[in-house]
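Each remark here refers to the structure printed beneath this line.
Chain lettering (A, B, C, D and E) follows the sequence in which the chains are written, and residue indices restart at 1 in each chain.
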């Protein structure tokens, strides 16, 4: 009996450690600090921690190493998604600084959970083993289940939390069942072992393995909000605190895609023909359903939720194709999507008040007259979401579509572009309300704060920068994806 | 009766008990009854674990599930007075019995599909390094322990964080204003 | 001016810089905003004059070329250039923008800053789309045109502006997204065949694409451009957009944006897919002819001035398409020339209607009558522009229409004859409109006190009328600029299509032999 | 006579339990019972892991089950807290009465 | 002079520009005299050219000057260039001469009109366009003038734009003309392409003339027919004659200048100008002649039953234009131009006279309210009388020579036919009748005017009467430039024009017509000792005299008779009075037809089909969205069920499907 104590490779997980430590510090501050100042202090801790982690993540670039008995891996792919998770964390923490105060949310714990969620994401995307993936996923999920319900005395928030929790647990059961069946047929939990086993020709297609794979699709499909596993998305996104909605729409989705990608591109690559054909259907259904339902939404937050479903559909297009070009476009898309979505949700936050979110489209009427800059920023985010050049959203779509065309998935591409026309309609509805309508009801001052401005400014800048000079980012994405192919 | 057939008989009994009690769990109107039946299910499953040479897991099953989790659940049920039964008017109106049966049937389709996999199961997997004899020689708990603190140390540590998150989460939710 | 000065880039960037500048101006100072927008566009126009005068007439190729790698891994370049075709359209754009700024002087009082910013951004996009020689760059500018125009219609438009704006946006977008796919398919086809992955148009011109694939790609491009033109069955966004847009919006829409569709055909759809062009020419020609006659008949039925002019655009653009698809010198040059003409005369018509609208706040023909009496100056300008629109000899419209019809007649007599019948209908609807608005007794009391043109308005219209006559009496100034390009274009096209027509003829002979 | 319990038996049993859990999860009208059903589904998963581990002479399955149990415990803690919160705010735990968010 | 021929159109253009630019700031009289001066200067230049021509040998009488290259595209190259030859110089003289007189007349006539400046601006523009039409050296420039005069006609008919009838008439004139222009335009294309097919890409008259022989007969026929469509429109021939009577809504000098003397004759001029083409197409010429004679006849018949004096004159114009078309149709181009000239004199005079009458009668136009003007307006009376004699074809007056030449050529030339002659001769009689009906009705008998009108009746001022007198003089002597050989003259005008038409040796007719015409031609030759010509001349004079006599009987001797006739032949009268209901027919066929079709297209195609598809798609998407949103019930277990459904599908797809 050999006890294999793993080598202490902490050098490679400094970002994770920093995040954990900051989370605990924030927690301690919440527990022991004085009421008034601790919230802000915890926020600062979170910011600093994220920033530090980011710096260290940067140093991990181009390092490829397996650590902790091959349970964990540091590679560009993981590092990219880690960076993404940290960007999300940074942006969401920033915009939470004021939002949390306004909504009277328990602040120390809030930041702590936020950071734990990020930790979960980081673990999830760097794991090469089902156990670590699962644990990471759960760390992330549990944190977010709680975060969803943090709006005080708000039944909707509680309901969102409940729904997310129940369905999350339910879907996790499917995911686990899938993992179990894969394990039962291959005897391996490490995705590279699975791949090796599958490739070693000792293996032939058994139904059980396929069922396992199918159930994994269900599980990841849930986290990425793909049709028909998407139904929780609008409700939860709508009910959750808006900052957390932004967090879910960008961070969780990206991390889920990261893990999804890693598992399928490593373990199940030989079965690409099989899973890509079902994902083809799912992609089309996701885009279409997300967009068409978003058409009739009058609540902007909910509309953005549906739009996030639709965007998952676009990402799935690239997923289906599965060549390096397409995969790298997923990464780029996730990155771009982060900025535009966080930006849009920030505007949603700005327009809200305590206990009154003002997310109905009528609250946006005449915004351009009252607050031209906010309206302009929102327009930029929405247009980017709609894929208008020269914003980054366009480049994202452009790469996805070019990948589709390159791989001769013409119909998928046609569905994609037609959907983007449908999508343009509902994004423009908001623009329309902001610019074309006269304001209705009482005009209360929106809730400005420098933190919001920074988030918005950064997002706008990022959208322009990544739209006009996408090269570096796509090259990074390519390099990241090259670990698989 | 040799040990093997004894095992099978025990397995069959435990399996039947598990199925029966889980059906009861699902069908009881009173949540407290459901919870109690569930505990029985967990015990039955624990028996099967024992049969499958997973002594540690069997014990953990009894302790964690049947003990901790179910107690917690029962506690909450009592706390919020949910034992009164669940069928509110709104729920009744929402879906007819037919629909519910249809839903159940569709779920059973899933089962049939899974069954399909189970029936065609072949030993295709890679044989691991821990045959039963070896494990028995070392001891099941020790083996798992050495794995958890050895090879799986990393997720184990993360699991501790997970527990922390769980605690913080539960506390935050309850203490929020 | 030496050739190394990046004139085209300057033309593209300059309005954008102006937009930023205007954005930074204080909102209170309306006059400052207006004046700086005006000066900015005037300087832009002056810059474009530089382009006009330094343009080498005898060079059929691209001039003022700028090429810089932008995304070399994908073969996307920052690649600009202009030839006799696009150069004139750039001129038109810069000119019309000045007029648009001028005509908005009084009409726009609400959200003035945003208005001028939109306009300047629109100018950037238009010039960019005209100069881009890289497909991705083109597409970016092409789509960029949508947003400011959408805002112009939606924010400063008429009562049904929201519907019109969204209709405009979605119609155009349906076409353009499919074009995007076609661009990509072309890119990968060419890359796959030659190993050179590039979006450079000049490079892609060399592509040799199987006929069937060409049909599909052409269909996607053509759909996009046909919607923009707009050709017959895709025209219904236009009346709404025109009707609801503010004056300057209608002007720029009619004068420049519609030309983008035709320009797209000229620059992209036709030279890239010769086989498809051979096959599609009858279809497009027939659609153009239907457009000419149908648009004219629709005009007769309209009761709203702007709607009427919008439908007349359908008719006029039908001529342009017909001319271009005649594939001879007269048709092509006539088509291009008619684009400029339509910009001037229909732009002028919208300007005039805008001026009337500013005074009366109605566009219904029935609300007018007898305006000649109270607005004699306007009547004169209106008459001249109307006549230019119905292509009276001596005005600009005639030169273009004559060349187009001649070209069409040369390529197919039936086309020429049918299209020429539009000449009659054109007179019918324009004169009837003019009569109902300007002639007769003043029946409405409100019309009695309308002031005549102000100095500013007169200045705008003088420019328009000056171009009407300049282009009508001395078209050589413009035709000469495009001669070499057009001739070169036709030569290339003939060489390209010859393969397919000959192949078609051979195939026909073979089947006949069997 | 069988030497060992065939893994297939366990898989079938697990399938049955999973299905019963799933049916319960979608039909019961008490979130706590729904949650219990989900726990039942997790148990079914555990059964597969254990059976497979046995059949494959591998311990990984058992380890995984250990983690699943941990997660189940955490979920129970958080989940029950959430239920209590919802109950406090809406005075019901019937999932059919909790639908402020829809459409 | 040859280098300065561009001055001919230049002066009116200059007048137009000066007046437009300065008009607002200067006085009425400045504007009017600038306008007159401009025309007069052109007239002087034209006269100088004529003078120079007469000094040159016949073949050299062509001046051509190119100003600049106008449109050049591919093979097409069109210049702005002018060309004067015998034909165009005559036209120039007529246009500027008569035009000048009418300008001067207008100074008086329009004196009190508030729009007088605008009037002169338009008038100058018109003369410019007309001169452009006449002097342009290529077809396209001619077309420019062609459409330009149409525009001016439109502007001037609708001069009093506040009157709906006036602006309607202007529009109608323009649109009907456009129908003709459509033919003209297609003709240009066809000619250009057909000649191009032979390697000659040109629109220049002289080059076309030199290369016309390259065209096939069929092509020539089509081309000439197309051009003829243009001529029919411009010169108000059947079936496009409907605009001219309505055109009388314009000020009377306009009717005189544009709708009698100059513009409407452009069609004749164009055919004469393109004589080399027409001579290649005998079928076309036959059609031209037939259309001409029918127009002449029917227009004259309508003239019987009109009461508006200007309308009567309008129908008379149509009728006379018919004569001219008969002339060019039978190949007698010179005769046509001759008649064009004399007609310009006497018809211009008639209109100016009518204007003078209106001036006297405070704008009254209805024949039924006139009478007895002889005493009060003597100058008008006498000049009008001379014009009537001229148009009636009384020997010695200008109309006699030109009309008789046409009649004789209609009878005798290769393309002519006795039936044409017969109809033309009858028409001549009818002309005499209705002109004298007009004359007697206006100037003789008792005044039927209202009392207050009667008081104001007075002779027009000198500025109006002097042009009348000059025109009367011209109507009297204008014919002497073309005295036929049979009467001892040498037909100077025909000789002068010969170089232009010389090349146009008529080709033998084809088809059925060939036999008949050949027979008659031989008959003509056989009888060409002069006796036949003389006999026919006498016959036509007799017919004309008979017409006058009948008019005298009916309207002076026995004024009650016409009413009884009308009552007797009520139906016929009804038809004639209503101009055979052609307007109504067109209204039904075209105006309403287009409106109906338009309404249909708008409703069905635009709004129903296309918009229906567009909005239908949008609606569909919205409804689908509504449906789909209902799936989001908000019930968490239904969401869970959704996951199960998804799992069933995914598993089924991946596992079960491949099994089959």
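Assume a contact is a pair of C-beta atoms (placed from the backbone, for glycine too) under 8 Å apart; a residue touches a chain by one contact, two chains touch by 3 or more.
The model shown is predicted, which means the values in this text are computed figures rather than measured ones.
Fewest steps needed to get from chain B to chain D, stepping only to touching chains, is 1. Among the chain pairings, B-D comes first (most C-beta pairs in contact). Taking each chain's centre as the mean of its C-alpha atoms, the one that lies farthest from the centre of chain E is B. With centres taken as mean CA coordinates, the chain nearest to the overall protein centre is C.
Note on chain placement: the centre of chain A and the centre of chain D lie 26 Å apart, centres being C-alpha means.
Separating the CA-averaged centres of chain A and chain C is a span of 43 Å.
Centres computed as Cα averages put chain D at a distance of 97 Å from chain E. Chain A and chain E have CA centres that are 79 Å apart.
Residue positions of chain D touching 2 or more other chains, listed in rising order: 7, 11, 18, 21-22, 25-27, 31, 34-35, 51-52, 55-56, 58, 60, 63, 67, 71, 74-75, 78, 82-83, 85, 95-96, 98-103. Counting partner chains per residue, chain B shows two or more touched chains at residues 94, 103, 107, 110, 113-114, 116-118, 121, 125-128, 143, 152, 155, 159, 162, 165-166, 169-171, 173, 176. Chain contacts: chain A has residues 131, 135, 138, 142, 145-146, 149, 153, 161-163, 166, 170, 181, 183-184, 187-188, 207-208, 210-211, 234-235, 297 touching two or more partner chains. Going by the touch rule set out above, the chain pairs that meet are A-B, A-C, A-D, A-E, B-D, B-E, C-E, D-E.
Those residues of chain E lying in contact with chain D across their complex are 629-630, 632-638, 640-641, 644. Within the complex, the chain E residues that touch chain A are 621-622, 624-626, 628-629, 631-632, 634, 636, 638-640, 642-643, 645-647, 649-651, 653-655, 658-659. Those residues of chain A whose C-beta lies close enough to touch chain E in the complex are 162-163, 166-167, 170-171, 174, 207, 210-211, 213-215, 217-218, 221-222, 227-229, 231-232, 234-235, 274-275, 277-278, 281-282, 289, 292-297, 422. Within the complex formed with chain D, the chain A residues making contact are 130-131, 134-135, 138, 142, 145-146, 149, 153-156, 158-163, 165-166, 169-170, 172-173, 176-177, 179-181, 183-184, 187-189, 208, 234-236, 238-239, 297, 302.
The touching residues of chain C, counted against chain E in their complex, run 167, 171, 233, 235-236, 294, 297-298, 300-301, 328-330, 333-334, 370, 372-373, 387, 392-394, 398-399, 402-403, 405-406, 409-410, 413, 416-417, 420-421, 423-425, 427-428, 431-432, 435, 438-441, 473-476, 479-480, 483, 487.
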